[in-house]
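Common to both upcoming complexes is chain A, partnered first by chain B, then by chain C.
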Partner chain A sequence: MPAPTATIQQHEYPNGLVLVAETMPGVQSASFTLLVPAGAAYEAAEGLDVGGGAATMLCEWITRGAGDRDSRELLNALDDLGVSHSESAQTVHAGFSAATLGANLIPALEIFADIVLRPRFDEEEVEPIRSLCLQNLRSLEDDPGSKVIYELRRRHFPEPWGRPSPGNPEDVARITPESLRSFHRAAYRPNGAILGVAGAIDWPRLRDAVGALFGGWERRPEPRLSERPAGPRIDHIARETQQIQIAMAAPAATVAGPDYYRARAAVAILGGYSSARLFTEVRERRGLCYSVYASYEGQRERGAMLSYAGTSTERAQETLDVMLAEFRRLADGGVDLEELDTMRAGLKSSLIMAQESSMSRSSALASDWYFLGRVRPLDEISAAMDALTPESVSSYARTLLKPGELTILTLGPTPLDVKLPA
Partner chain B sequence: MRFHHATLDNGLEVIAELNDDAHSIAAGFFVKAGSRDESPELAGVSHFLEHMTFKGTARRDALAVNKDFDRVGAKHNAQTSEEDTFYHFTCLPEYLPRAFDVLADILRPTLRDDDFETEKKVIIEEILMYMDNPMSVAYEAAKAAHFGGHPLGNSILGTVDSITAMKADDMRSYFASRYSPANIVLGFAGKGEWDQLLELAADRCRDWTGVHPARDARPVRGRRAFEAILREDDLQQTIVGVADGPPLESDDRYAAHLLATILGDHTSSHLYWALVDPGHADGAEISYQDYNQAGGFYTFLSCEPDDVDDNLERVAEVCRGVMEKGVTERELAQARNKVLARSVIRGERPMGRLASLGFHWAYRRAYLPIERELEAFSGVSVDQIGRLVREWPLWPMTIASVGPTTEVQPPK
Partner chain C sequence: MPAPTATIQQHEYPNGLVLVAETMPGVQSASFTLLVPAGAAYEAAEGLDVGGGAATMLCEWITRGAGDRDSRELLNALDDLGVSHSESAQTVHAGFSAATLGANLIPALEIFADIVLRPRFDEEEVEPIRSLCLQNLRSLEDDPGSKVIYELRRRHFPEPWGRPSPGNPEDVARITPESLRSFHRAAYRPNGAILGVAGAIDWPRLRDAVGALFGGWERRPEPRLSERPAGPRIDHIARETQQIQIAMAAPAATVAGPDYYRARAAVAILGGYSSARLFTEVRERRGLCYSVYASYEGQRERGAMLSYAGTSTERAQETLDVMLAEFRRLADGGVDLEELDTMRAGLKSSLIMAQESSMSRSSALASDWYFLGRVRPLDEISAAMDALTPESVSSYARTLLKPGELTILTLGPTPLDVKLPA
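Here is the complex of A and B:
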């Protein structure tokens, strides 16, 4: 007997906020992901220019007291409800996510409505937050694997789409409480915000409760962003570390575009699982490193293939050479049916297993809505995967990895010789 | 939920918690083999062996192992701790027989010489990777300092020297001594049929042989030592502290877990309010770890080098405070709510259930349904925590400090 299937429902409120929810049978928990278009990219909006790190500082500030509760009362209230939660600014969005038992979902949403709409903005909190953010930046400097990915994205995506959300020490040191408040006024808006909810939920009650909680949130004009080229394409950051970090990026199809599934397939076959090419060639056959992968990152207007390896100085050149040779082999030689079937099995299994976690479903719902303005049913994804052929993926792979479009960043004691194929 | 267990003739125990509402099934072998079972010359062999099991068997080479898992979409992995090596996968129920065929196969690896030499290089890269991570360096140093010469202080990865010097034959003997069927528990969690699972287990594992090993698990107390390691290029100072706690044999472990949550959860705990909220540190947490006949409360701290002494004083105050005054009913209730909700959410995934199920069985030979786990947390009282901190004082603790300064003076 097939398991009872999930139902997906959606509602757009008059202020533009979208609620998209999935009832999951056999699950006691409920989770939500609220995406507000107030990530680090918007720090650079015209007329704002609040400085790198403002989105992160603001995210922290608004959770330190909101509505009737001060900082301590607010966290205690979440603890009383058994809510596991996280708040963080990414590049595009400020994200608020929480998981709890189904019965506590709406009380948890009430607290988050206060956080987003009615933060107290207690000025005494700003210096501790500044200190915390400056220390986070210092810890990031001590963490070469994370540092190299932030710096790769900054170089690859046009500004502001690669802005690191932790910001930079110069800006974090000077951001004023007033500029954080004006950032909140301009960027925290319901038009463009998406609330994904999944798990043990009662749809009519949820829809009404969200309307009551967030209905008063006023629309704001969308802040204007202007794009500027980033770079440099090839770069090295000197650091006395044990390993050299190698990070590369290439442009890829968008989530909404016609080539999305071909792009996901090509990237996964390159480096998405344990028998994928990079793992096999770099780690299993040659023992060059512990960690090596390729992954896909989607933004609305662009997508990217990101690839990473960390390896000791004397093996780094060979690692880079083998990775580039694998990029080229994928572009020139394409993929075969066996690889494609393996890739399909992995992706389909992941999709079905995600049905067991309200947290992963709530974030998938919000993310689908952001990219597509709708939620892709499982059947549609399956059918699109089944329609892929070795030829269709191979022809996409030829366009994926153009040497002139690669961004390559290394971090470690010595730069490497980047020999891009002609 | 249905629970089943059986013991094969060769001593391998098989357990399963089956749930028709699940979409997937998780399977795993829990091998009682970890860094505490190693001699100094073989430092890191348990973890290296975990890597080597994926390098090939009589029926598969390394590529076939990875491919045969990936072909059926099985998410597979393994991890090694001080006490256990845990091999696992999650897959859709219809692929369980094929994925299990690979997992059972790799538990009898060939350990070929050339694979051994290639994988050595990967292990050394893994060690170097962790050497670039200050928290890992501090954690290793703190364990070693705390447990002194006791094998619980051993490094899980070993050292570049111990791995470089290791011989494939040494690993083969270690394998023979620890991977006997009676030293392994096989667990399943999720959607499946017991008869089929047991039949598969018997079919793939009944030929396994080996002598049941003993573990040296004498009760151990830590040394409250201090260790400072200079890393001139680091910007932040990283501290790991260890104080003794109840062992996994003790019923106090639920209280210990709640105590660690009250004092050092990443949000809204005593350490959070004393250190992170005011901006004194960018990380300050306590967690409880239980071992065979030992246990520890681990404190993790990251802050500016100039503030280390002040911050250690704040940590000490938090610890002394709870040693003098205990915890309040309200704090306990909040920690309980957090822990219960996290258990339920984790338990919704077969993999989340498998881990708690398997380790519990491996050390206690008992089934712990999630309701009973929740009851155990609910039964912890303020008085029990008061007794716990008298029996297991949190301060003074062993301190390992890593970063640009060595001028660190932990308070008395």
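Here is the complex of A and C:
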């Protein structure tokens, strides 16, 4: 008996909100991911300028009481429905995700409609939230591996596309309740918002319920952002840590662009799985550090390859040199068929496994819609992977290393000697 | 059409290895979790005493070449099968887990049979592994939140049941290849090992394949461990961190014991979900810190409630005081029906969701077998949860707080004043 296949359906409401849903046969759970274009980048919108950390503070504030419920009643209502949920501001979006049993999906969406449309904005909550956000910034100082990636992104992507969502202590200390409210009015809007839902769902009922819950959300003009160059490209942050953190970024193809699969393949072969080049050369052959990787990050207008390693002071220079040498070797020497096949096997296997989780499907649906305005079927991804050749990936890899566009950041007690590949 | 239900089957091979497997309808993936009783606790076995960190070093060494494959060929073979895998030493077990497509399950098990039974023990790999393990210990110094939990467990559980698997720099520096080999000979044994498998599987074929692959693994006597008291109960680790880490442990019921569900309920109500008491009092009302929780840890002979918070120097004393007051309030005042219902809703929902992931099922099968010698059906867990009453949980909560058996550890620039509840 062949397994019944998943069905994907979508609907755009008059206010611009897009619902994209997948019925997964044989599961009892249902999950959703709501992306609202109100991430940290919009803190810098023209005429707004609410300060770094506002998107995160707002995300927290709106979950502290909404509609008929105060803060405690709201969290309790979600717990009573057995909903596991998370809310967080990323760079572009404020993201709200939840997983529960299919029978509790619509009641959970009702609560999130309150959160997004009818927050109570109780002013007593603001100081505890500010205090939390300051605590979070402090804990980041005790977590150099995360800190270096936030700071790398800030230097690599043009402002505001690399803004760290935790903000900074100066701004968080001075953000006012009124500025948070005005950020909510300007940035929380249905045009540009995407709701991905996957699992045990009844499509007509879901489509109607989402229309009833979110239909009254009024369109607003898209806030205007102006881009500014970031940098510096080569930098060091002095900290008395035990290890030196090394992070690098290079421009790569966009998700919607023609070179997307070639870029993903090149990055994965460099450092995306356990026998990938960085892992073999840095971790296994030389024992330089435990964690080393390269990964792809897509934004709508740009993509990047990010790479990271954390190692001891004595071995940091060698680690950086090997990372740069591997980057050079990929650009100069390209990839071979064996590596390409290994990469394909891993990617296909993880794609199929991700199809089995309602949470990862709901997130993939929303993300595909954001990047492409449609959902990319598994068959299309498979076919695109199969069409890659060592030559096509190698010719892309040659364009990946542009020394002038490489961002390299280190964090630790001593700076390193960055010998940029020629 | 009702979803076809999962079937659980088990088999004990003549050498003592237990296979416990669940056929999950409608999934394409298959996952396994192999638990070998060769975790960090066994480093201290009588006549062995290989030094802290040996279990972790050995776990890494055996994956670096086994059977016909050298290190690189082995990782490559797993990547070619699209296997995502992890190997790590925990306190009791060395754990090997993998997820892949159902069609690749048996080829993946073949590779892991090589790893466990026929490691190459190439001596050239030892120095890079030692270096990695030392790096890992250093990175732990930059990760105070993880460090404090390792150090809490070491103080709370009787030696060797709280041994930190990363070991310590002195021991890792001196562990010899010969001592790792002798640890492998003594501790890697089929009697006591459990293989949990879940997903798209063919039971008769799996049972025969596991027999063929692991049947030649020879029984060995169980290494003898002697328990010693740990401690100190109240302690502080001085570190120049931005935050103070607070960690506590208290004895709780065992997994197999009659009070298990009452203990799980009491701990969850204290700090296991987003409207639980610690979260409400510490995070939401007072904004004292971002992360605070209480969780249950089961070992076969003992259980514990662990609790954690990380906060700034100025707010640490208040955080600790609130945590202890909540602990006291739970013991004195018990729980009410509303809380119990909320806790039940969350636990049932997460249990059902966990049933949909082959990875979490394979791990639950192996873990149930370890603790109970059987797999606990979902219905049995549901019925036990339904049978709980506010009175039964409250009467358990009264026994949870035994001030003389509470372990409290802080890590940061300054010690706190620990006012033990009377």
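By definition in this document, the second predicted complex is superposed on the first by the 420 of 422 C-alpha atoms of A that agree within 3 Å, B and C clash if a C-alpha of one lies under 4 Å from a C-alpha of the other, contacts with A are read in each partner's own complex, and residues count from 1 in each chain.
We adopt the following convention: contacts are C-beta pairs under 8 Å (C-beta built on N, C-alpha and C of every residue); 3 or more make two chains touch, one makes a residue touch a chain.
What you see is a predicted model, and the numbers here were worked out from it, not measured in a lab.
Engineer: For A:299, select first, second, both or neither according to whether it touches chain B, chain C, the two together, or no partner.
Structural biologist: Neither chain B nor chain C is touched by A:299.
Engineer: So, does A:345 touch the first partner chain B, the second partner chain C, both, or neither?
Structural biologist: A:345 contacts both chain B and chain C.
Engineer: Kindly classify A:26 by the partners it touches after superposition: chain B alone (first), chain C alone (second), both, or neither?
Structural biologist: both
Engineer: Shared contact residues on chain A, chain B side and chain C side combined as an intersection?
Structural biologist: 3, 25-29, 64, 71-72, 75-76, 78-85, 99-101, 104, 127-132, 135-136, 138-139, 141-145, 240-243, 273-275, 280, 283-291, 310-312, 315, 341-342, 345-346, 348-350, 352-353, 355-358
Engineer: Can you tell me which positions in chain C touch chain A when the two form their complex?
Structural biologist: 3-4, 25-29, 64, 71-72, 75-76, 78-85, 99-101, 104, 127-132, 134-136, 138-139, 141-145, 240-243, 273-275, 280, 283-291, 310-312, 315, 341-342, 345-346, 348-350, 352-353, 355-358
Engineer: Sort out for me which residues of chain A touch chain B in the complex.
Structural biologist: Going through chain A, the ones touching chain B are 3, 25-29, 64, 71-72, 75-76, 78-85, 99-101, 104, 127-132, 135-136, 138-139, 141-145, 239-243, 273-276, 279-280, 283-291, 310-312, 315, 341-342, 345-350, 352-353, 355-359.
Engineer: Which chain B residues qualify as touching chain A in the complex?
Structural biologist: Result: residues 21-24, 62-63, 66-67, 69-76, 90-92, 95, 118-126, 128-129, 131-134, 233-236, 238, 267-268, 273, 276-283, 302-304, 333-335, 337-338, 340-342, 344-345, 348-350 of chain B touch chain A.
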